[in-house]
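The two complexes that follow have chain A in common; it is paired with chain B in the first and with chain C in the second.
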Partner chain A sequence: MPESPSSTDEPADGSGDELATDGGSTAGVDGRMSGLTTYLRERPRLRTLAIAGPPYGILVLFFAIPLLAMLVVSFQADQIGGAWTLHNYTDFLTSETYLTVVWRTFLISVQVTAIVAAVGYALAYSIVRFSRRTTLLLLLVILPFWTSYIIRMYAWINILQSDGVLDSLLDLAGLPALGLLYTDTAVLIGFTYVWLPLAVLPFYASLTNLDGDLIEASKDLGAGPIRTFLSVTLPMTINGVVTGIVLVFIPTFGSFITPRLLGGTNNIMIGMVIENQFKSAFNWPFGAAIGMVISVVVVALLVVAMRLGGGLFGAGGETA
Partner chain B sequence: MSLLRVRGLTKEFGDLVAVDDVDFDVEDGEFVSILGPSGSGKSTVLRMVAGFEEPTEGEIALDDVGIVGSPPFERDVNMVFQDLALFPHLTVAENIGYGLKQSGVPADERRERTEDMLEMVRLEGYGDRTPSELSGGEQQRVALARALVNEPALVLFDEPLSSLDRKLRQHMQGELQRIQLETDTTFLYVTHDQEVALAVSDRLVVLDDGRIQQVGTVEELYEAPESRFVADFIGDVNAVEGRVTAVEDDGIAINTGDEAVTVPRTTAEEVAVDDAVDVCIRPFQVRVESADADGSDADAPADTDGTFSTTGVVRSRSYQGSDSQYGIETDRWGRLSAEVRSASFEIDDRVTVAWDAADVHVYRRDGDGSPGGDGGS
Partner chain C sequence: MSAIDRVTDPLERFTQAHAARMAAAVIVSVIAFLWLPIGVLVFMSFADGGVLSFPPDELTLRWYREFLTNDAAIDAIVTTLTISIPATGITVALSTMIAYAIDRYVFPGRSWLQLLATLPIIVPLVVTGVAMVLFFKGTLGLPDYVAVVIAHVIRTVPFATLVILPTFLSFDRGLEEASKDLGADEFETFRQVTLPNVFPGVVAGGLLAFTLSFNEFVYTYFVKGSGDPTLPVYIWNQIRYNVTPEVNVISVVFLAVAVSMVLAAVSITRVELIAQR
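Let's look at the complex of A and B:
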């Protein structure tokens, strides 16, 4: 038995009983890999560590530690290393201005999520049910990801601004200009456009797993298209729907670029406030405290939403 | 008036004609099977009756009302799907009550009828389970109950028993017959499995390559198959090549080697002198007797008095309970199989093989009568 996995000049037939069947052809890299496999097979703990270690390490390094650091900072006065205080939290939670911004952010996020879910589900459904060119259409759905987020936002500025592409086209058609840029509508359009692919992919995945026979069975038993959708299609794909909603709701709630670029001065969202604390006001502890509160609120909202979704549709979505 | 009337039903998928001018009827209370190899178009016929496919041509009438063009949820038929298609997110009771709910039956009546149906399929107390907690046979029962509870005019079956093992399948066949009689419902059952079809059906519709081969009772199809395909497909058959040498009023003379045997006219398709034909005989109609060990009978002439006979050697035997199946290498006609009761031969025994000309069926060899489909369904 070789003790070291890196014994390069070990002949293949000498690297373990399990390898005897490999014959003489196994040598060099193959022999080394098999040696490592054998080595780890005999040490289950080490093997578990080798497999699970890296992802956990990354999670700890880039998620747990920064979150902890933020938590610590959020309890400090004025600046990092300042005195311990609860002021950051009390200031935020008692400020009507900030809470109004949170409420606005919540409303926009709900609207965006609802629009994206509806449009995305319709899109995914039509790709699955009515199209033969599924791969091409999916490619088109994710194609925008090849371009930078910021550039795409500037493209929307170009389209939506007064005398921009949209208004010019409307003008050609003899319709009045809209001048949508710097309105709530512009923000909704921008978000819908950016997050749509994130929702379409999980919707698509769950819809392709849906057994077409179940749809036929439902119709066979007397349910029309709408009844069938509500009592079979939607419950059977609820996991994908929840995934899509989570993927859209969370980044919308924390977003600051889209509302800054497309929204007006009075369309402030909470992400912009947090960004401002870190980049302009240099009040990191206050920014960290808002961040913590928002994180807790979002997680709580999602837990409630998922419970509700699960309750509505029973065991739902266990597509085999 | 037939409950279901199908006339000139045709379905084309692009260039492929899946169903070609199919006519048949199903009477009220009957158990009719559509039997055919995979790719024969039998499932497509069923799907057109259910409303999942629109016919290219032809009409389907249920209770004398045309149903072509009406959506599946408006047709008074219910289907038991091949993979059952039970709703995994609903309980057994909810699955069964699904159709009643759609038609607006109030909750307490729904519960009552679901309970009755669970009792009918012998699954009392299973209502609160989910389909995944049931065995294959139990799931079949739920699927059946889900269709029957709506009291449809016609229940359609798309080979639902094919996934079960033989013993359970035979049991479910019996259950199907019992439930059909108890509920007095009409069943239209699609299968490629002749054993299932023969066991359960009042009448059979044999389909091949989209066309009807024969419609009749099980006995008619077995005893008087109209084509070589039907003869082969319904039960086993031996075929001996021959040539027609004379067509008389009282019979047809067929030479299957060196002698002509006259067979009754009633058994044959229209044949003419010099046609190449297959003379077909069921294994159970073949008589086997011991021959002299020295093989002196080898050149015994085929009798012209209405018996086919030759000698041969036993090459295989398989015990099948009440009888034994022998494979016999004959001197005249190659390998034949025979089912013999209460006689025992060993491998390599020399035997004489004979059967009555009255039992044979004669079909022209025109090349397209052989069984076996092309392509999946």
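Let's look at the complex of A and C:
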């Protein structure tokens, strides 16, 4: 287990301390620890290494290197350690089926992002500008986000399937059934549902930081609420908007759960193709190549987002 | 210009007049959209008549009883806990070290550490999942359990760090100076002054890490072999291949875990901290 060696060393001589008071035994630990801290204080580099080193090492070894391994494997034939080849990429990029899947995935991601951005921004704006019970509302928004993703999809299966909750209610109202499950609409609803809380948060944060005097000034100068929104509020909160868009677009583009559970057989998204390579086709290098294709799209989006000024990597850091 | 004004002016006036009402409508309808499906799940867990038939004829506790006597489901919960509990411990230790290092020290690669601790949130889960199965299983040949615990640590460290780091950054270091001026050494100061101040943030980070790990699906699904599914993998198999009414009960279990953990975390820190995602 990759545990940090420091700070957990219990006194091995605990047996001799049995009669000592609590303070006495901790003084022993303190003494030893202060010896260690003095030693480390005189060696600031070692001290930094002791604290930053373990998490650094673990993130590099178990996150960064696996991504590099994926890059390497994507150039191998048939299996890990196979001959070097470009076939995984050429097969993918010359297949009309796969390119169609990528294009469809892109379109769905754009639609989801647009819907979530619009609804999420409206919600964040309403909470920040018009509500006093922000803590409660924020809690109500984020709580669903912390429950299982699969469960949230399952809830929508209950609602959208034919004879499900929605159709039964429509039936009671004398309206025709919709039978939305296994359609594009179901996929859009499912994605909107899971990502809405995620997008509201950066919107909320940027709107809270917005100086209310600017809005007053705009109104004093004769602008109506819509003009004020378009020429003051929106431009001033563009960082939050970009962050929210990135946080929704990227996971949608890579998703396989939602289209698998809510979409029909003709709603295939690129994440499902990867899942298939690892769960039934067992062509790992090809799956790795598709993973790289997704990564390229993601990196391209991030570059654009940084240009537009999304504060992604500072999230939770210096801004707090 | 005036032509545009003629169109927009009534709109502006309408918005001005009804802004508060529109905002209330947005808040109520979106929060209803977020919570109604959850209400449906809870309601359906009491529904007689089996899977997915609405409206139910009768309400019953039958599925709860069946859930409690279903060894496969209980085993899945135990499996999940044997992964989530150690993963949470490791994550809290690592995230606290990251927060401490970023807050206190200036060192080469400091911004890289911050980037590395954020990236797992941004890289699509399916991509990291693939990378992990290739490297953990293909290259390192790690046993299932170790591979899954590591995967959960990578999944939870960014979120825990997002919660823990701000508590370090907002901590008034003058208190530490005062402690040292009064004769305490560095370790004593950490234990008596720093730790009590950052403790709520650390606990909240741990609670959220546990919640996330308990719900973790994508990494687990890729990295883990077929035997001993975690609860999310178990429920995925149920939904995909043979839905039983118990799934509704398990949904309620997930809800209960999430709600209690998040409320506990919120009660000891600020909601905005948890809300960072």
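One rule holds for everything that comes next: the second predicted complex is superposed on the first by the 243 of 320 C-alpha atoms of A that agree within 3 Å, B and C clash if a C-alpha of one lies under 4 Å from a C-alpha of the other, contacts with A are read in each partner's own complex, and residues count from 1 in each chain.
The rule is simple: a residue touches a chain if its C-beta (ideal position, glycine included) is under 8 Å from a C-beta of that chain, and two chains touch if they have at least 3 such contacts.
Given the structure is predicted, the values throughout are model-derived calculations rather than measurements.
When chain A is checked against chain B and against chain C, the one touching more of its residues turns out to be C. Of the two partner chains placed by the overlay, only chain B lies in contact with A:D211; chain C stays clear of it. Looking at the shared chain after the overlay, A:S168 reaches chain C, while chain B stays out of its contact range. In the overlay built on the shared chain, the residue A:G179 is in contact with neither chain B nor chain C. Shared-chain residue A:R129: touches chain C; no touch with chain B. Residue contacts after overlaying the shared chain place A:L221 against chain B, while chain C stays out of touching range. By the touch criterion defined above, A:P235 reaches chain B but does not reach chain C. Using the contact criterion defined above for the overlaid structures, shared-chain residue A:R152 touches chain C, although it does not reach chain B. Residues common to the contacts of chain A with chain B and with chain C across the two structures: 224, 227, 313, 315-318, 320. Residues 211, 213-214, 216-224, 227, 231-232, 235-236, 313-320 of chain A are the ones touching chain B in the complex. Every residue of chain C that touches chain A in the complex is listed here, in rising order: 8-9, 11-13, 15-16, 19-20, 22-24, 26-27, 30-31, 33-35, 37-38, 40-41, 44, 52-55, 86, 90, 93-95, 97-98, 100-102, 104-105, 107, 109-110, 113-120, 122-128, 130-136, 138-139, 146, 149-151, 153-154, 157, 161-163, 165-166, 169-170, 185-188, 191, 208, 211-212, 215, 217-218, 222, 232, 235-236, 239-240, 247, 250-251, 254-255, 258-259, 261-262, 266, 271-272, 274-277. The touching residues of chain B, when paired with chain A in their complex, are 50-52, 71-73, 77-79, 81-83, 85-90, 98-99, 102-103, 130, 132, 146, 150.
Only residues 1-4, 30, 33-34, 36-38, 41, 44-45, 47-48, 51-52, 54-56, 58-60, 62-67, 69-70, 73, 80, 119, 122-123, 125-127, 129-131, 135, 137-159, 161, 163-165, 168, 193, 196-198, 201, 204-205, 224-227, 246-247, 250-251, 253-257, 260-261, 271, 274-275, 278, 284, 287-288, 291, 294-295, 298, 302, 312-313, 315-318, 320 of chain A touch chain C when the two sit together in their complex.
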